[in-house]
Amino acid sequence: MNRINKILEEKNNILSIYFTAGFPEIEDTEKIILKLSECDVDMVEIGLPFSDPLADGPTIQESSTIALNNGMNTKKLFIQLKNIRKKTNIPLIIMGYFNPILQFGIENFCEECELAGIDGLIIPDLPVDVFKENYQSLFNKHKLLNMFLISPQTSDERIRFIDKVSNGFIYMVSSFSITGAVNSFGKNQIDYFKRINKMNLKSKLLIGFGISNKDTFNDAVSYSKGAIIGSAFIKFLKTNKIENIKNFIDQIRG
Amino acid sequence: MNRINKILEEKNNILSIYFTAGFPEIEDTEKIILKLSECDVDMVEIGLPFSDPLADGPTIQESSTIALNNGMNTKKLFIQLKNIRKKTNIPLIIMGYFNPILQFGIENFCEECELAGIDGLIIPDLPVDVFKENYQSLFNKHKLLNMFLISPQTSDERIRFIDKVSNGFIYMVSSFSITGAVNSFGKNQIDYFKRINKMNLKSKLLIGFGISNKDTFNDAVSYSKGAIIGSAFIKFLKTNKIENIKNFIDQIRG
Amino acid sequence: MSKTYNVNEKGYYGDFGGAYIPEMMYANIEELRTKYLKICSEEKFQKEFNDLLKQYVGRPTPLYFAERLSHTYNTKIYLKREDLCHTGAHKINNTIGQILLAKRLGKTRIIAETGAGQHGVATATVCALMGIKCIIYMGEIDISRQAPNVARMKMLGAEVKPAISGSKTLKDATNEAIRDWINNPIDTHYIIGSVVGPHPYPDMVARFQSIIGVEVMDQLKKTEGTENPDYVIACVGGGSNAAGLFYPYLDNENVKIICVEAAGKGIDTGKSAATSILGKEGIIHGSKTLLMQSFDGQITEPYSISAGLDYPGVGPMHANLFKTKRGEFISINDKEAMEWGLNLSRLEGIIPAIETSHAFAVLDKKKFKKDDVLVFNCSGRGDKDLDTYIDYFKL
Amino acid sequence: MSKTYNVNEKGYYGDFGGAYIPEMMYANIEELRTKYLKICSEEKFQKEFNDLLKQYVGRPTPLYFAERLSHTYNTKIYLKREDLCHTGAHKINNTIGQILLAKRLGKTRIIAETGAGQHGVATATVCALMGIKCIIYMGEIDISRQAPNVARMKMLGAEVKPAISGSKTLKDATNEAIRDWINNPIDTHYIIGSVVGPHPYPDMVARFQSIIGVEVMDQLKKTEGTENPDYVIACVGGGSNAAGLFYPYLDNENVKIICVEAAGKGIDTGKSAATSILGKEGIIHGSKTLLMQSFDGQITEPYSISAGLDYPGVGPMHANLFKTKRGEFISINDKEAMEWGLNLSRLEGIIPAIETSHAFAVLDKKKFKKDDVLVFNCSGRGDKDLDTYIDYFKL
């Protein structure tokens, strides 16, 4: 069974951490993943940096620019990941925009993922319909889960469709907000979490976007299997040493 | 007999000098006229300064601006002129644009001219037709001659008309040139002088515009009764004392 | 013939007009006077003129019903969109006409004066179109406050000569242009930019601009069922955009005429260009008309924030409209005009020239009835004035 | 159905197009996709759209026969005068359409990206016209090189937000606008300014712009006796002015299509925006198309002296025209384009936008026959570019 599905079955209050590969330094990818594995973290999303990350906020965009300037690219990332997979069993997800994947060659990309022990992908600008029609069998062949996003705007009908196509978790975008940390959820968001929960989907839900601290994490996991933290972690990395990542995690799990 | 007509009958090689009243200093009008009378000058044209002297070049425009800034105006000029007339018998012509005269009141203006012993007027922007229809009898009443301009563009027919209306001299504009000194006349100008001479007009001709030195003066008077010097004299006044005006005149008369 | 507010055969509008010019200009003016009507009425001229207005200038310009503005002021407001003309103002209607005339007169060199630069650009444009040499006189102050238009004239290949005398604005540029013409009477045609100057200029320019009013009649007929609005309203610098709009309505007293002048910093401040109120009868640039002048007839330096209204005289047609009370004259100060520049931008998405903004300010000065049909001449667009707007509003 | 170069029911032009968008945009795009054709074909919409194009924008724009240019190049050259549109370029045809659509979708807030500022001004204009809040994203570099347009947007009441990421030009402004939309999916409509972005934008914008080509057919019929020129020629940034002109001719292969791209400092200099030559297939701003990118799919920072062509992608319609060879693609460098800005000014009295200048430079690249009828899209006027022209030519 895929590592992601295993975690989803076994655990509650899942904490998934996003960071951008090659940030702050090109060789930090491994250090960060291994450090996260040592802490109370259940899953890692590795951002494949992109020049035009239009679904992300300024924090992640900035980290992507730095990573690209550091020389990060798809080939290099796979080399790093193959090493990393030898040292940890934590579920690994690559989050990347579609264009770099296309240029790498999508079959190539899936093969490399499999070789590197990647468990799943999040490709924000690859719509579920296109995925289903063109790429699902390829992903299946390489034992890759593909995670889809839903937002408060997503219709029930479409959520059901996504749920059907989905074989990993559904990434529930918390708000009308591109990634970026907030302090607490509002009524609209809570209502939305409740609405989705009532739908009794087969897929597990993880909530992302805007989770930054213990409060928002706890809120999120009370309506889902777990939560994803990105911008807040990137911000942490900007001013803290990798050795101290535990402080960040402890403060969330607290 | 009007002083202008007397000179025109009695003399050849007439030298008429133009200057702007109130330039360089407001009280210079008298000094300049008296000085000119003492020299070998036959007629004086007194410029009534105007803000927008569109038939004049930059030298005269500049002198007009200075005169206006010095406080020169129509009333003040007449006060000066009444004094001056007591001291000299030289023919005096006022050259002024039509608007200041209109504002003074044209009847008033003619009356004042008569009282000040002015012999004639040159009003460049009062066309002969308008003059004949509206003002000729008024001028006659006040014993004022009105001098008209002709240019190389003026048709023979119109020259004959002007000649008929004219009771002083005809001011022959030497060239396609607003006032401003030149060094010698070209073939076109000479041809034009010859053409006009052949017309056998009843009016005497004086040539003006562009006369600056002995050569151009001599050329001019060989085709006419005399010549008018303006810009060159103003330029002289800018850098020379009024007492030395004789030097300027001598250099012309040579 | 009944009373008319149009020109008579002698070149006068009532007491105003005529040709008070130095003899050195006589031949040129006389040539124009005797030929302009004949040339302009030739079928070939008409066709060429109308084709260029259509194909090149973009006529007819729309008569746009301004819904939000009408709603705000509870009356019916139409804008005649001269701002959409090629080069951005009504000025080109006249320069197209005059360049065709100049060609027929065999002229190979064009001169013009300009204030806001719109007429300079319009002249440089038609000269480029015809491949004719072009010299534009422009006051030194205007050169600096209308920089975009100076740049445009240069792009178009015209030479821009600064007028450095007097107030260094439109009046002085006009003096310089006249001097140039006196010096170059044979090969040169002088394209005057407004309904000013000696006869036949005011009538000639008014005729070329009359296309504005003629189109309005046609357009209004379609939307309102009548050719006649209750009011025609325009700003007046020299008066050409106003003359163009008013032309077909001059003798139809059911159509009320409003002329809007620039009060500058205020009528009583000595910094104004409100000729009808501050002016007296006199002669300026060859025409008997109203002009701002000192007690002894020196022409006053006018002031307005808009370079195109910064002129101490007014066309003789307008002087007569004022004297006979056929037209109502309203003066608008800099502040009111600037605010209307912003108002029109925000309400209708149209950034007007500052000249044009003056006209709209009438809406705050006068009460109109709900059913009144108002036609404003939207004489030009504000692109040339952006710096002034931005500075003024600290945008 | 026979082969078509127009969009298919799935939103593709051949291999290009589609909607590669984050789920957060899905609801908005889907709403558009399912409603745009229906809304746009409603009689009331059509009437409102056409009335505004006529009364407000000033359509039809002339199809001007450029006599001196034709004579110089010994071929028949027509200019479709989009430069005469209100706000100075073709961009407003699209914004008028989209604002009417946005109103029908109940949106109360408009966002847009802009490069040259023309689309920003056109958007700010229609928002002012309708009284709707407007936010414009513009690259920081473009803000400084297109200052007059920034000033105009502010006059019109729009908020101009600088995009400070990446190359700080059009691509980054587009990213920012998309982010805004993701954050404000309910009340906001995003008015994209060219035939780029996810389906249905390319088709929607092309349809709104198709008025250009439709008018040309009608106008050419009157002057040449046929609706079909031999060539239709336009510059291509995103491709909207080109799409508008080509639209009715897409499937008529007797009419040859020429797309002119910006070579910047030269194809091989790394400072270029010639997407068809330098680009590879990929995804940009939600569309599968040709785009300039590194070997590993990072989008390249493009370069052109003209802000409106400074985009690393091209619309999917054009990518397909290129791949199928239906269109000929020619790239023109900065110098050639700038010189054509001056050429057109001096030969025809029309100062073109620098974007537009690129199109005309084709005349020096390709020999046309004496009887060939060429229609150039004169997509915009050069007022916004005066500073660049003046600097470049030291005028």
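Which chain is which? They are A, B, C and D, in the order written, and residues in each are numbered from 1.
The rule we apply is simple: a residue touches a chain if its C-beta (ideal position, glycine included) is under 8 Å from a C-beta of that chain, and two chains touch if they have at least 3 such contacts.
Note that the coordinates shown come from a computational prediction; the quantities given were computed from them, not determined experimentally.
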In terms of CA centroid distance, which chain is the most far removed from chain C? A
Using mean CA coordinates as chain centres, what's the gap between chain C and chain D in Å? 35
How many Å are there between the centre of chain A and the centre of chain B, using C-alpha atoms for each centre? 96
Chain A to chain C, mean C-alpha position gap in Å, rounds to 66
At least two partner chains per residue is the criterion; list those residues in chain D. none
Chain contact graph, described as a line, ring, star, complete graph or other shape: line
Inter-chain touch pairs (all): A-D, B-C, C-D
Mind pulling up the chain D residues that touch chain C in the complex? 54-56, 58, 61-65, 68, 81, 83-86, 88, 124-129, 131, 148, 151-152, 154-157, 341-342, 345-351, 382-383, 386-387, 389-390, 395
What part of chain A is in contact with chain D in the complex they form? 50-55, 57-58, 61-62, 65, 68, 73-75, 97-104, 124-128, 130, 148-151, 153-155, 158, 173, 176-178
Residues of chain D touching chain A in their complex? 18-24, 26-28, 165-166, 171-172, 175, 178-179, 182-186, 280-286, 291, 293, 295-299
